[in-house]
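As structure tokens, here come the structures.
You will see chain A twice below: alongside chain B first, and alongside chain C after that.
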Partner chain A sequence: MTAPMTPVRSSPVAQALVARKAQWAPYRGMPCAVSVSAEDARHSAAVGVCDVSGLERCGLKGSGAAAWLEAQGVRVPAGANEWVALPGGGIVARLARTEFLIEDGPSGTEVRRVRPLIRAGIDGVTPVLRQDCALVLTGERVPELLVQTCNVDFSGVPADGPGLTLTQMVGVSVTVIRRELNGEPALRLWCDFTSGPYLWETLVGIAEELGGGAVGVAAAWPELHAATGT
Partner chain B sequence: MSARLPPVDGEWIDRTRTLSFQFEGRAFSGYAGDVPSSALWASGVHVLGRSFKYHRPRGLLSLANHDVNALMQSGQRFNLRADVEALEEGMALAAVNTVGGVEADRLRIFDRLSRFLPVGFYYKAFHRPKALAAYWERVFRKVTGLGRIDFETPHIRTPKRYDFADVLVVGAGPSGLRAALAAAEAGAKVVLVDENARIGGSLGYQRGASDAGWKELQALEARLRAMPNVSIRSSTLAAGWYADHWVPLVDPVRMTKLRAGAVVVAQGAFEQPAVFRNNDLPGVMLASAAQRLIYRYAVKPMHTAVVLTANADGYRAALDLSANGVSVACVVDLRAKGESDELADRVKHHGIRVLPGHCVWEAEGQADRLSGVVVCPLNDQGQPDTSRPVKIAADGLLMSVGWAPAAALLYQSGCRMKYDDLTHQFVPVELAPGMFAAGRVNGVHDLQGRLADGARAGALAARHCGFSVPEPAAVARGPASVSHPYPIVDHPGGKNFVDFDEDLQVKDFLNAAQEGFDNIELMKRYSTVGMGPSQGKHSNMSAIRILARIVGKSPGEVGSTTARPFFHPVPMSHLAGRGFHPHRETPMHSRHVGLGAAWMQAGVWLRPEYYAAPGKRKAELVREEVRAVRSGVGLIDVGTLGKLEVYGPDAAEFLERIYTGKFSTLKVGMTRYAAMLDESAVVIDDGVVARLSDQHFYFTTTTTGSTNIYRELQRWNAQWGLKVGLVNTTGSFAAVNLAGPKSREVLAGLTSLDLSNEAFPYLALREGDVAGVPARLMRVGFVGEIGYEIHVPAEYGAHLWDTLMAAGEAFGIRPFGVEAQRVLRLEKGHIIIGQDTDGLTAPDEVGLEWAVKMEKPFFVGKRSVEIVRRRGPRHKLVGFEVDAAGARTAPKECHLVIRNGAIVGRVTSIVDSETLGRVVGLAFVAPDMTAEGTPLLIRVDGGAMVQARVVKTPFYDPDSARQKAPT
Partner chain C sequence: MKLLNCPVNGSRPVSEFAYGGEVRAMPPADCTDPQWADYVFHRSGIPGVKVEWWYHIASGTWFYAERDVSLDRILRTWLPGESPEGEIR
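Then we have the complex of A and B:
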């Protein structure tokens, strides 16, 4: 074998951001779009679509998954379709009664601690490889974007409430939560890696019609921006 | 001379903004807020279009979005509804259904030929003689059709939109306004829609020379607009109802799909025309149309009017005419006693003569305009006494003989309706949960009743949504006989139109029934009643009444036709909208773009078909890609394969049940081909199963199969209850196949795994790092060379591709696409599920007997395999090669195999193989044609026959020595 190499993680929407001449900074082995254009702040205030796929995550499912997580000291949401916050800005999402997604926030370490422990052979626990396209939607016109893309009424879902929605957006299966970022309401989205480019392009296209567009993490999630360079 | 009235309270026009436009080449002007019909009527133009079949002149009928004889073209916009669409500066309007213009329409000759164009004429023309069918088709195509499509019209991507409400109120007339108010006051989030440009409905125009309703409207509107939980949307049509109260709202810009907790249908009713001879002459119109003209557009409808009525509404209309300068010659009341309350007194006080117990026998015209009305008394049997006609000069005739409920949404929601003998209309008797009806559609016609009924329905809708509201009191239907039970007068001269869209006369219904089409659904289809652009809003009720008389039943027994969404035409641009067509891209997509991939669709995926290069054609490039794999090394993205994992103590048992093969004996670190059947023994999928540990398998499916197969596996396991966990990792893993004699050398530089044949033999699975990434590697042989399928987490896909391409550069690595892979696998005789199989193919028919382990106690499809084997195969898939003489006209996929003039099979795959130097393929043939050397005749394009013969597969490397690659 040749000399060991350092693999580079790639976001599912990396190429779309390259085409927009985004400014990059590394985040845990993946180039992270820090800014997309000089209009990021304005776009973010209208409708900002921001790629945060670089956040680390892991998943598991099975009848023993909840108990196993608790045994590892991970707080588990009480019910299906709920989420709880993790230290460092992360979340634990209960996607179904027996399925979980854990995502570290910008400065979180929980995934790094738990992920190596999830393996085949644990009774009632099935590891799930999470390779999501993860996005943040910010701005005051997000509700308008939602009504053009999704048939779920998010208006009654409180920001930072425990509710989690599994639905389709522009025909793509997505997981959605509302949470506050920078003290402002925002939407978090996850979809399959391979559906990410289509979801991204479609949402950005509509966001642009609404006076927003693609934005980098500096505008959408300053804590993540602060954590880049790692 | 302008027929514009002095300013009217509540008029919709803005007299400060004059708009210039053209109609049929002549210049006109109107006001902002006008519609083309109102502006033209104000300018003295009364022929607005020509009828569909007989090309008769037509004017205003409803001014309520149903004047289908006044459809117009304006530039690229066609079938513009002149009775409701806003007039715009510079419009160049023309009637759509003419040859030579609306006044000199050459096709008006059809009116004289009408006796030769009876009901069912189209059907009969095509029926016999058959030889003339093509001729008639040409004729009909030429003379029918409305509007002219301009193919240069830009594609407008109208955005779609979703919306949500507790209570949706459809119709903003008196009932709807009060319903919205009641629901909103209870705390509900209310959306109130109305198809008109302004809300208010009949409060705005059915005034009866009083401003009470108008003031009520102003008060209600002010209260509603002050409520933050009410959204008022005018020019918005609720076009249908779907389960769970999904209602498409169509506005001028887009369609919004609104989901409501409850729906109040307060759409009112369609005023119905009376049927008498020449009831279509310009100047004959619904009473409500004249009232709209006056109060919305400030246009005097006529100078002298006759009002034909059978209810109080006609009297109010007469008062409105009189109050606005129209001379009302008389009110002709179909009822024997006429109106008896204070309304009748008011009419008399206006000096208007009332003729109770009379009908209009016929209308007379001059210069395409009504000039007089012939009135007859009705005898004791309700028939016209034509011995005592009275002729009244008039340029306007108002019809106010009854109403048909606008109940389409109620019908669509499953509401049970019955014919109400009090009001002579269909009324709801059993509503679907969450559906409420109010006002005229509910059989409540007087104004105070409608207001109360609206409040009742709004409160009930709010209660349905969980808001605390006291149980409202019921509202009585009525008044009695608001609609006449039979406002239809037969006439020997005909031209008494029932359906203005399709020019159907009374005699057409009689003839249709006589020909056996004597139930309402059959009659509709045969006569086409209700099938025009107005969808029967003015004709269905009359058709039901006529048919009821013909068959001796009540209208209730005859019933009504089905009202499907959309009950009103919706622009195609709205239906097209912004399209969402999701596709999936593999993690290496951008690399393929950079390499010039020519794309193909594979299910929801985009895959490189081949990699383009300047100056080279596809066939040449594909051959080069094949050559690279056969002689050096190639790299293909196979990330689109379905990738599933099964964990748990019963994982092997689960796979044994799902697939036909044995997997309990599969050793850890090895892979095995797997075929999947459905319960009827049809081959539905295949792939490779790899055993990662005792309780952990990783397996692939076809590209297009993964989602359905995963769903099917979940369904099976819900039934079996085995201790397994299933995960669909299709999108989580990137995968490539590094194939070719030099693949081992390329890979060796990137991994610490021992790649020797001993340590990593053919069909083995290994886990290790490749290019620094944790990977799963499988020695597979789909393309017939030594090859490694390498699976890594998706986020490393691009890195893996880049690294392999860089490492392979010294070996002449070349990316190859689906087309080259198709050639390579065919040379090896490997089948593709879905291409070399079809929806009926059993495993024995495609040579998969070896993969079916009947000794297992169970697998999906096993019982059917036994049955199919007893029956024997219908056909068998064989390899063939085309005789050299026929190679120039090679067959294509799906070309037929012919024996003794009969079809005995078809080609499923074929390739002109450079490697083999011949054309080879796979074909289904009769079971007795499988012996090696059997001649095949294949019929190619143009009918020529090409000789081929059955040969053994694999065509290439029959011992598979190359893919096993011992060194």
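Then we have the complex of A and C:
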């Protein structure tokens, strides 16, 4: 009998990061770009675009999804387009009314606990496969990047507030929350993995014009860097 | 920029939406071929206030919009099942 293969996940923007000669470290089965260049800290302070697709996540939807999650001991946002924080830096996001995205933070374990329980056949619950391209935008010039790419003004959205926005960025449907990372307000983005490379290249291109660029998690999210053990 | 009010996500540029056509009653399953052809191929081009399907692409939300097509003015939007007049058939 042969030993079972260890699945290796890959970020939707891995090839773009390989081309930039990023430094990698494993994080829960997916190579995670720890640093992209020696200028990461400076780029992150201006406009940093960081790939965090390696964070574990799961999704479900349906009329019974909220009640089912509560029955599993998961705190659920009260209203449509809201999110709540999970221990370990994760989130539970309510997308519109009856769909949920759960993402573990760097040291979170909730997805690992709940994901195996989500299956077809639960009354009013439909599993949703989440293979998102997940990004972090950091830096003081992020509003300038948003003006060029997005129709929604996030400046009035409080960091770590409950608000979640489903909108489009350079024509790509994205889920956006504003939260505090590393003591600074940052934007978290999720989009379908097929649109990830296009969104990544476009955002990085604009960020470079603004004095920023692609950055690794060491600069953008130190807790995630620490979780890689490097 | 034209704005459209999604009942779930709020006011957004119309570029975030897709038009789904006028809300029309589907003929019964045992309808005749001419009745079905009329439903599939014929649309009303009469200007005035119409109820239409619209779709918010980013969130996957289908909803109704009452629009004066002669002025391209959205009068109101609401989710299926949430109209005081009841469901549109």
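Convention: the second predicted complex is superposed on the first by the 225 of 230 C-alpha atoms of A that agree within 3 Å, B and C clash if a C-alpha of one lies under 4 Å from a C-alpha of the other, contacts with A are read in each partner's own complex, and residues count from 1 in each chain.
We adopt the following convention: a contact is a pair of C-beta atoms (placed from the backbone, for glycine too) under 8 Å apart; a residue touches a chain by one contact, two chains touch by 3 or more.
Given the structure is predicted, the values throughout are model-derived calculations rather than measurements.
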First, second, both or neither for A:L166, with chain B first and chain C second: second
Touching partner for A:N151 - first (chain B), second (chain C), both, neither: both
First, second, both or neither for A:N81, with chain B first and chain C second: second
Touching partner for A:L129 - first (chain B), second (chain C), both, neither: first
Residue contacts on chain A - larger count, chain B or chain C: B
First, second, both or neither for A:F193, with chain B first and chain C second: first
Which of chain B and chain C A:V174 touches, first, second, both or neither: second
Partner chain in contact with A:R9 - chain B first, chain C second, else both or neither: first
First (chain B), second (chain C), both or neither touched by A:I206: first
Which superposed partner A:L95 touches (first chain B, second chain C, both, neither): second
Contact residues of chain A, present in both the chain B and the chain C interface: 151
Complex contacts: residues of chain A adjacent to chain B: 1-2, 4-12, 14-15, 18, 30, 53, 61-62, 120-121, 125-131, 146-151, 153, 155, 170-172, 192-195, 197-199, 202, 206, 209
Contact footprint of chain C on chain A as seen in their complex: 80-81, 95-97, 151-152, 165-168, 173-174
Footprint of chain A on chain B - complex, ascending: 159-164, 257, 259, 578, 580-587, 589-590, 593, 605, 639, 645, 647-648, 692-693, 695-696, 725-727, 729-733, 748-752, 771-773, 793-799, 803
Chain C residues within the chain A interface of the complex: 1, 8-9, 12-13, 15-16, 56-61
